[in-house]
Amino acid sequence: MKSLKKTIYEIIEEAEPGNRPSEIFDVFLITLIALNVVALIVGTVEEIHRISPGAFYLLEVISVGIFTVEFSLRVWTCTENPKYGHPLKGRLQYLVSPLALIDLLAVLPVYLVFFVNLRGLDLRFLRVVRLLARIVRLSRYFSSLSTLGKVVYTKRGELAAVVSVLFLLLVMTSSLMFFAEHQAQPEEFASIPRAMWWSIITLTTVGYGDVFPVTAAGRVLAGIIAIVGIGLFALPAGILGSGYMEELAKVAKEPVRCPHCGEVIDEG
Amino acid sequence: MKSLKKTIYEIIEEAEPGNRPSEIFDVFLITLIALNVVALIVGTVEEIHRISPGAFYLLEVISVGIFTVEFSLRVWTCTENPKYGHPLKGRLQYLVSPLALIDLLAVLPVYLVFFVNLRGLDLRFLRVVRLLARIVRLSRYFSSLSTLGKVVYTKRGELAAVVSVLFLLLVMTSSLMFFAEHQAQPEEFASIPRAMWWSIITLTTVGYGDVFPVTAAGRVLAGIIAIVGIGLFALPAGILGSGYMEELAKVAKEPVRCPHCGEVIDEG
Amino acid sequence: MKSLKKTIYEIIEEAEPGNRPSEIFDVFLITLIALNVVALIVGTVEEIHRISPGAFYLLEVISVGIFTVEFSLRVWTCTENPKYGHPLKGRLQYLVSPLALIDLLAVLPVYLVFFVNLRGLDLRFLRVVRLLARIVRLSRYFSSLSTLGKVVYTKRGELAAVVSVLFLLLVMTSSLMFFAEHQAQPEEFASIPRAMWWSIITLTTVGYGDVFPVTAAGRVLAGIIAIVGIGLFALPAGILGSGYMEELAKVAKEPVRCPHCGEVIDEG
Amino acid sequence: MKSLKKTIYEIIEEAEPGNRPSEIFDVFLITLIALNVVALIVGTVEEIHRISPGAFYLLEVISVGIFTVEFSLRVWTCTENPKYGHPLKGRLQYLVSPLALIDLLAVLPVYLVFFVNLRGLDLRFLRVVRLLARIVRLSRYFSSLSTLGKVVYTKRGELAAVVSVLFLLLVMTSSLMFFAEHQAQPEEFASIPRAMWWSIITLTTVGYGDVFPVTAAGRVLAGIIAIVGIGLFALPAGILGSGYMEELAKVAKEPVRCPHCGEVIDEG
């Protein structure tokens, strides 16, 4: 007979097909996290929060409770995983794994606010950590995100190369524009780092319109930078896009066989 | 000899090549719908509407009359289609088909306004429904739209995956920017849903300039988000674009033959 | 011996390689037209025009003189071209050819201003015609423009299809946004055609910021429209881009032969 | 035994694998230049510069000292390179090589400011030169930039062709918009060159919102220009992008063999 620890481990781990209790647990947890994220987002809208601050508070308390129980169970049962087999060392290794850290960050801020004297620490920071940790928890269940992660990993060399080029371009264009516009707009082009804000917003073609050149020299320069630079800032999008298509194509590919004679035509 | 119902059915159905009366009916109907859409659009321009409100009214009355007759004929003759063969059940099935519903929505709002007491219901809503239904009716005759529809259908898996990633990205960037900018701009970044407006307008590179970060932290964050996120928001465009090209290429393709036995493998 | 007419025809026609006088004439004419276009553009800058209005006037008079002589010679000698062989009918046919019409439009506005009573006609219109005609004359010597023209011609079917879809999308999104924002912004969203300005500027991601939704409903709608629509508005760019690449690849393609055994490996 | 000159030459030249002193020198120089660029950029931020102007001054003095020594050593030892073998003529040839000029421009402005009477010369100009020269020096160590340089070189024909088309488009759209908007906005559309600013900012989809059409004619024109022109302004990005992908693919490629005789055709 399976031990209680093993049974619980199998339930709270990712569901194997056919394991009904584990599937139900997964659906319940996803729903709870999703509800939580929605509540934390919607709760920032003053008008909605005001309707029933108690409901938001209750959901938070219940969620933190469940997350705490779940986290404790995970730490208790993690020794069932051969990777974290040792009762103490294994559990410590599990605690510093990215998955466990995210789980911890999703609840810890709440306890810090309740039980620790936090004078001097920004409460807002804890709230961001809590919200982001829960969004990351939610994102684990999006398989499309792991596809994207794979693409970024496969193309990391190209992306790093392109990003380094973009960084050089950013430094160069910002320096040029700083010298061209600083005198005319001492506020908007106060320094080269400030001019970088212009560069990023222009080269990504966002163009808010909060900073733009007003001198003739600055405009000629900006025009040339825009035409040249936009092509370069579009490179990461191109790399990501083609990588994503390749990744999607890989899934579908299998060796193609002639349906008439059975020989392999395309290795795929 | 063909019955009157069958003759009318063949005329109002999509024209088979060579069926002159049906072709003439099609051209007449397309012209009428197009004229209608143009009138409804142009009629919102105060200066133009003022010139001759009567003309707009007359066109509307005539159009609704013709659309009503046409709709009645379609309901009457739909039993000629084996799919809706049964006199009552068939006609009811036809009435709830998307095609018939759109036809109905193109005329019903007008009758509602005329004959029903609509106190409490927004008249503007009925006008949108009427206009949109007629645009959809018009769009049926654009074959390029059905090609696009096919592309969206073929790529629905990829598109859904990408859109879910974009949604997560949106939630994450909006949360970060809310915490970075809320204090400096309590109005523009009043809540996370409000910050989502910033995220969408920035990541699609529209950049109206109604909301943008003003703090140093917010700008650094926004710069990183812009460079990273724009590549991801360009993915749906890339998927749609490559899907569209494939769809167009399919038309031109020839059958592929196995190089070993010479038989046709892919009809192209 | 060649007649004078034939000699002049060969000089003013596009230079065949080795025909020195014709080559010199071409270089002279391109320089003159380019100088002219530059002068017409730079002449609109008040500060520059003020320096020496006489110089601009003189260049114009000389240019028009030369263009008139050139045009007369072209009409006189065009009968050397078998296409326009007939002394009268051929010349009339030449006169209504696009090339001759552009040449005519590059000088005619000047004569109209000098000799005809133009009260009631907008002088600005004549100036646009003159400038545009000369830019078009200049563009004839840009071979890259003819490549692009070929691409547009080859892809005209796809482009027309996509443009019709964009048009439908424009009508639909403008109607929706008009109904969503008209009450809150009766000026910016005064009518559906006015809302189309918003649609175009948003869907092309230009985003000036002169018109943008302010209501919650309008923003949700605009966000969805932006994410969906931008992918569609990027389609013409994709079609043009891939067509251009194909066209450039065509020029370079020749059958590839193995340098060792000489057999054809790739038909190109 | 190696001469001192040869030893120094080998150290300050790009490191061959295994040459430890040369590798150490490279790392030291890259760090110094990077530190320098960062200091020059960060030093433009008033608040940071004010903290310790002396530190910035000291770094500059030390850097210029080291760069001067390094440059002198390079000029002294360059004769070890067979290309610049002649003691005098070789050194002069080295001095006018792009590499040496950039090295010179990275230090010369500082000496000019110190020792030469520069009344009438803009000091800001010297600062830009110095900063840009050092950024260029830094960029030499980014291999991804040389890949990009190779792409631009390979595609120079296509890029030049596209840029010439864009230039014509710019001239044409600016002329049209000048005539359409000049009367309504005599300031923003003061001249055709001013209208070019609008054209560039619109066609690159930056759309700051500092200049936009306000007349109905101008808006219709701008809408058409936006839809048509954006596709063309995206061409350089497409050419660069596909060129970059090809260049990256080349690295991974294996030698291609003729299927008939088996010999290598393309080294890949």
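Structure notes:
We just call them A, B, C and D in the order they show up, numbering each chain from 1.
As a working rule, a residue touches a chain if its C-beta (ideal position, glycine included) is under 8 Å from a C-beta of that chain, and two chains touch if they have at least 3 such contacts.
Since the model is a prediction, treat every value here as computed from it, not as a measurement.
One copy, subunit B, sits rotated relative to the other, subunit C; on C-alpha atoms the angle is 90 degrees to the nearest 5. In the contact between subunit A and subunit D, the residue numbers used by both copies make up under half of all numbers at that interface. Of the two interfaces, A-C and C-D, the higher number of touching C-beta pairs belongs to C-D.
Mean C-alpha position of subunit C lies 32 Å from that of subunit D.
Centroids built from CA atoms put subunit C at 46 Å from subunit A. Shared contact sites, meaning residues of subunit B that touch two or more other chains, fall at 205-209, 234, 239. Subunit C makes touch with subunit D in their complex at residues 37, 40-42, 44-46, 124-125, 127-128, 131-132, 135, 138-139, 142-145, 147-148, 163, 166, 196-197, 200-201, 204-210, 233-234, 236-237, 239-241, 244-245, 248, 258-261, 263, 265.
Within the complex, the subunit C residues that touch subunit A are 205-209.
Note for the complex: subunit B touches subunit A at residues 158, 160-162, 164-165, 168, 171-172, 174-176, 178-179, 182, 190-194, 202, 205-209, 212, 219, 223, 226-227, 230-232, 234-235, 238-239, 242, 258-261, 263, 265.
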